[in-house]
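Once you scroll down, you'll see the structures, which are given as structure tokens.
Here come two complexes built around subunit A, the first alongside subunit B, the second alongside subunit C.
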Partner chain A sequence: MATPDDILVARGVEAGYGKKQILFGVDFAVAKSEVVALLGANGSGKSTALNTISGFVRPLAGSIQFEGAEIAGKPPHQIFRRGVIQVSQARDLFMDMSVEDNLRLGAWVRGGQVADLLDGVFQSFPRLAERRQQVVRLMSGGEQQMVAIGRALMGNPKILLLDEPSGGLAPIFVNEIAAIIKALKKTGIAMMIIEQNIKLALSVADRFLILREGRVSQHHDVRSGAVNEEEIVRSIYL
Partner chain B sequence: MLAVLPQLIVSGIATGMLYALIALSVTVGYRATTVVNFGHGDLVMAGAYATFVFVGSGLPFAPALILALASLFLFGVLTQRVFMQPIINGPHLSLAMMALAIGYAVRGGARLEWGSEVVILGRPYDQGAFMVGSVVLTMDDLVISGFVVALLLTLAIVFHITPIGRLIQAVFQSQRGAALVGLNVHAFHGMMWGAGAALGAAGGVLLGLLVPLSPDLGVYTLIRGFAAMTLGGFGSPFGAVVGGIVLGMMEKLLGFYVSTVFIDITAYLVTILVLLIRPSGLFGQRATVRI
Partner chain C sequence: MADAPKSAAPATKAPPAWRQRRYLFWLIPLLLLPLPFYLGQYKQYVVNLILVYVPVGVGFNIVVGNLGLLAFSNVAFFGIGAYTSGVLALKLGWPWWATILPAGLMGGLVGCIAGVPALRGVRLFYLAIMTLAFGELLRWVYIRWVPVTGGSFGMSVPKASINVFGWPLPTEGDKFYAFLFLAVLMVVLTDRLLRSRFGRAFMAIKGNEQAAAAMGIPTDRYILLAFAWGGFVVGVGGSMYAALVGHVTPIAFDLAELILEFAVVMVGGLGSLVGSVLGAAIITAAPEFFREWPGFQEMLFGVLIVLVILFLPRGVASLLARVHPIFIDRYYRD
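Up next, the complex of A and B:
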């Protein structure tokens, strides 16, 4: 299944919390500049899969390779250093700091030209440029999501792992976040995205997988032809 | 009666500075890891003894002090990594028991070497006193207050101005967020536990200038440190400092105007009353405390 273009390759990944196993031998791959959506009902193991890639959950078995190097079971900071950067579902921002401080901290470890990175993020998110000194706690959910994505971009990711970027947002922000993800895709950054909003997911993804009870139940290439949205919803929830 | 008031306040502030430092040292470890180190008092004691040992080996006081603080820093880092980190997600009680056990082990080590005998650290300066108006200022008061103020100012600068301070605040605000920006949070916890131990050790050395050292020194300090933290607001560094100074003054004032008994029991009374009347203390926020 893996091709030479794949930068992230997972094979037979099993993971869980304590005695409760969530993933049962999951395989997937993400190629350079590719966007892969991970779909599935609540509890199907989507977030666990993402957290296992980024090191927050230790796999029980299996292999996860990034650019040819094994990263399974490595701590989050080591995986981050390789350019695998996650935007978590809870966003986990530094709520009592300003937008700019949050963004700058995103560049702390991977370094790079912080001023250039900051300019880049402010260009992608003009709304954040206007509020750069604002304390994050006082911002709306949509704006906070932008800060979370912007903070991840400050780390100059090779692959971005997005966990429910539109989760809990007002419709206007859902559209804005969708536009941002599409713009990011154009820059050629690889992404793995978990999304409940199937329409959004399909509008940005090149491929998608459906997780069901911790196993990959389906695999589709969106580029190969029309996708029946209703059928996907049915295969996720029924 | 009122004529002694300025003297009591000044002496109270000097003692309170010491409590402030100890309360702050517990707060540093707590803020970073959300775990209260119940064995911290014994690290305070160990700092004083380490300085005593290094001075005894022929080193001048200042290098001995620096070496003692560095040793306690390392000890703090190691104990956090080896004993606390493996059980960090376990029940709160396990963490409290582990911290307590480490403290008792340190105390046991001191007893093994020095028994219940007291030793004198000795001052590296001449003990003198100055009159400022009607108030007597001792060299001890000046040295302790000067040292603590300098340390607090340095910490305030590090915390508020440097990038390191921003990083520390980031971990305080969201550990997961800090991990998401690539910080090694476990190593950070170890460093902060070490920093707390070193600050506590500094408090122990200052205390050792005033009283003879005994392996039980830590009990005296930890109760006052906790009382100061509770009064100032658990987890607030500023609160710890203010709480320490207020507690120092209260001990002196109640001890003089009401009964000398209060010198020993003010810390307990303050803890009880604050928890009953204003559990968040003067500057604290309601927070989840991992004991």
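Up next, the complex of A and C:
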């Protein structure tokens, strides 16, 4: 399955919380500049899969390689330094800090010199530039999601792991987030994205996998031709 | 978003002038220099005690305020610093100045040990009670290890040992200069630390530990570092205490002392370096003002603390921050 272009390769990944195993031998790969969507019903193990890649969940078995190096079981801060950056479902923001402080901390590993990166993020997200001194807690869900994505970009990601970027957002924000993800895709960042919004997922993804009870049940290449949305929904939930 | 062009702040702007005026803080120690010429021995003693509590408050505030962990082992760092200086001076005949660094290092070491439960994921009340117990455990050691510590009666620090490079410090006024130097040094070094990436890591851990890890911050390492540096600074304060009082006893490091040190942090301002210094001054000096009303002294002191916490939950430092932005703690140099 893996090709030389793949930067992220997972093989036989098993993971869980305590005694409850969630993933039972999951395989997938993400190539350079590729966007892979991870679909599945609630509890199928999508978030666990992302958290295992980013190091927040230690795998019980299997291997996860990023750019040829084994990262399975490494602590999150080491995986982050390799350029694997997650935007988690809870958004994990520093709620009592300003937008600017949140963004600056995204570039913590590179020390103090972040003015250029900050400019770049503010150019992509003018809304954040307007609110740079605002405390994140007081912002809307969509704005918080922008801060979360912006902060991930401050870390110069090679691959972004997006856990439901449109989750719980007003429709207008869903469109905005979709536009942001498409723009990111154009810059050539590889992405792995969990999305309940199938339309959004299919509009940005090159390929998608369907997880079912902790196993990959289907693979689809969106580029190879028309995909029947209804059929996908059926195969996820039924 | 449509109105962006007008209201959008320029992404990079020149730092406001006040940020560069931080050097004005150096005026404070300079203005204090002539103090011994105006104060009597007792008042000078109180001022010296304030200077002892500056590093004690600064170190405590790093762990509780900047890192945001409920760790109450501060009195353990304070005690170990005082005992290290006392033992080295009394048993080994070291001059006091040579014991300052070892006292700080012992404080840092004890800080590392006190930080271990935090590394194991112990938080909140559980961490509070464990660190409290740790402080009491050390007190038990001071009491029981009689040959070294002198037990319940403690030990006297030889007067002759209290010197700096052989230069004796017989009066409170002489000690003042040594203490002022040490207090300023601890504040300046801590300020440097807090405005570096270390301080930003503390801030991130306080804000959201998991998010900090997700930003590439090795949280364990920085939690330990905060405890170690906090312990070091407070240990130096302990060494100063030994030189000031001349007597080190276990009773000086009990729970009442811990509450006093906690009051320094809370009244000054949680997570504020300016606050630690202010808190030390207020909490140490206030009882002196209430001395005129004997019998009400403790009550007035208690009322003062309650009022400050009630109306200034971010401490007296937050009041100053409202007056002028120079008092706002910064985490970046630019």
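Assume the second predicted complex is superposed on the first by the 234 of 238 C-alpha atoms of A that agree within 3 Å, B and C clash if a C-alpha of one lies under 4 Å from a C-alpha of the other, contacts with A are read in each partner's own complex, and residues count from 1 in each chain.
Just so it is clear, a residue touches a chain if its C-beta (ideal position, glycine included) is under 8 Å from a C-beta of that chain, and two chains touch if they have at least 3 such contacts.
Because the structure is a prediction, the values reported are computed rather than measured.
Enquirer: Looking at the superposed three-chain arrangement on subunit A, would you call subunit B and subunit C a clash or a fit?
Expert: clash
Enquirer: Could you tell me if A:115 is touching subunit B, subunit C, both of them or neither one (first, second, both, neither)?
Expert: Only subunit C is touched by A:115; subunit B is not.
Enquirer: Could you let me know whether more residues of subunit A are touched by subunit B or by subunit C?
Expert: After superposition, C is the partner touching more of subunit A.
Enquirer: Which partner chains sit in contact with A:155 here, subunit B, subunit C, both or neither? Use first/second/both/neither.
Expert: Both partners.
Enquirer: Thinking of the overlay built on chain A, is A:96 touched by subunit B (first), by subunit C (second), by both, or by neither?
Expert: both
Enquirer: Tell me the contact category for A:126 with respect to subunit B and subunit C: first, second, both or neither.
Expert: A:126 sits against subunit C, while subunit B stays out of touch.
Enquirer: Would you sort A:76 into first (subunit B), second (subunit C), both or neither based on which partner it touches?
Expert: both
Enquirer: Across the two complexes, find the residues of subunit A that touch subunit B and also touch subunit C.
Expert: Comparing the two interfaces on subunit A, one with subunit B and one with subunit C, the shared residues are 56, 75-77, 80-81, 85-86, 88, 92-97, 101, 104-106, 108-109, 151, 155.
Enquirer: Going by the contact rule set out above, which residues of subunit C touch subunit A in the complex?
Expert: It comes out as residues 1, 4, 7-9, 11-12, 197, 200-201, 203-204, 207-208, 210-219, 331-334.
Enquirer: What part of subunit A is in contact with subunit B in the complex they form?
Expert: Touching subunit B: residues 56, 75-77, 80-81, 85-88, 90, 92-97, 101, 104-106, 108-110, 151-152, 155 of subunit A.
Enquirer: Would you mind writing out the residues of subunit B in touch with subunit A in their complex?
Expert: Subunit B residues touching subunit A: 163, 166-167, 169-170, 173-174, 176-177, 179-186.
Enquirer: Would you mind writing out the residues of subunit A in touch with subunit C in their complex?
Expert: Within the complex, subunit A touches subunit C at residues 54, 56, 75-77, 80-81, 85-86, 88, 92-97, 101, 104-106, 108-109, 111-112, 115, 118-119, 122-123, 126-127, 129-130, 132, 151, 155.
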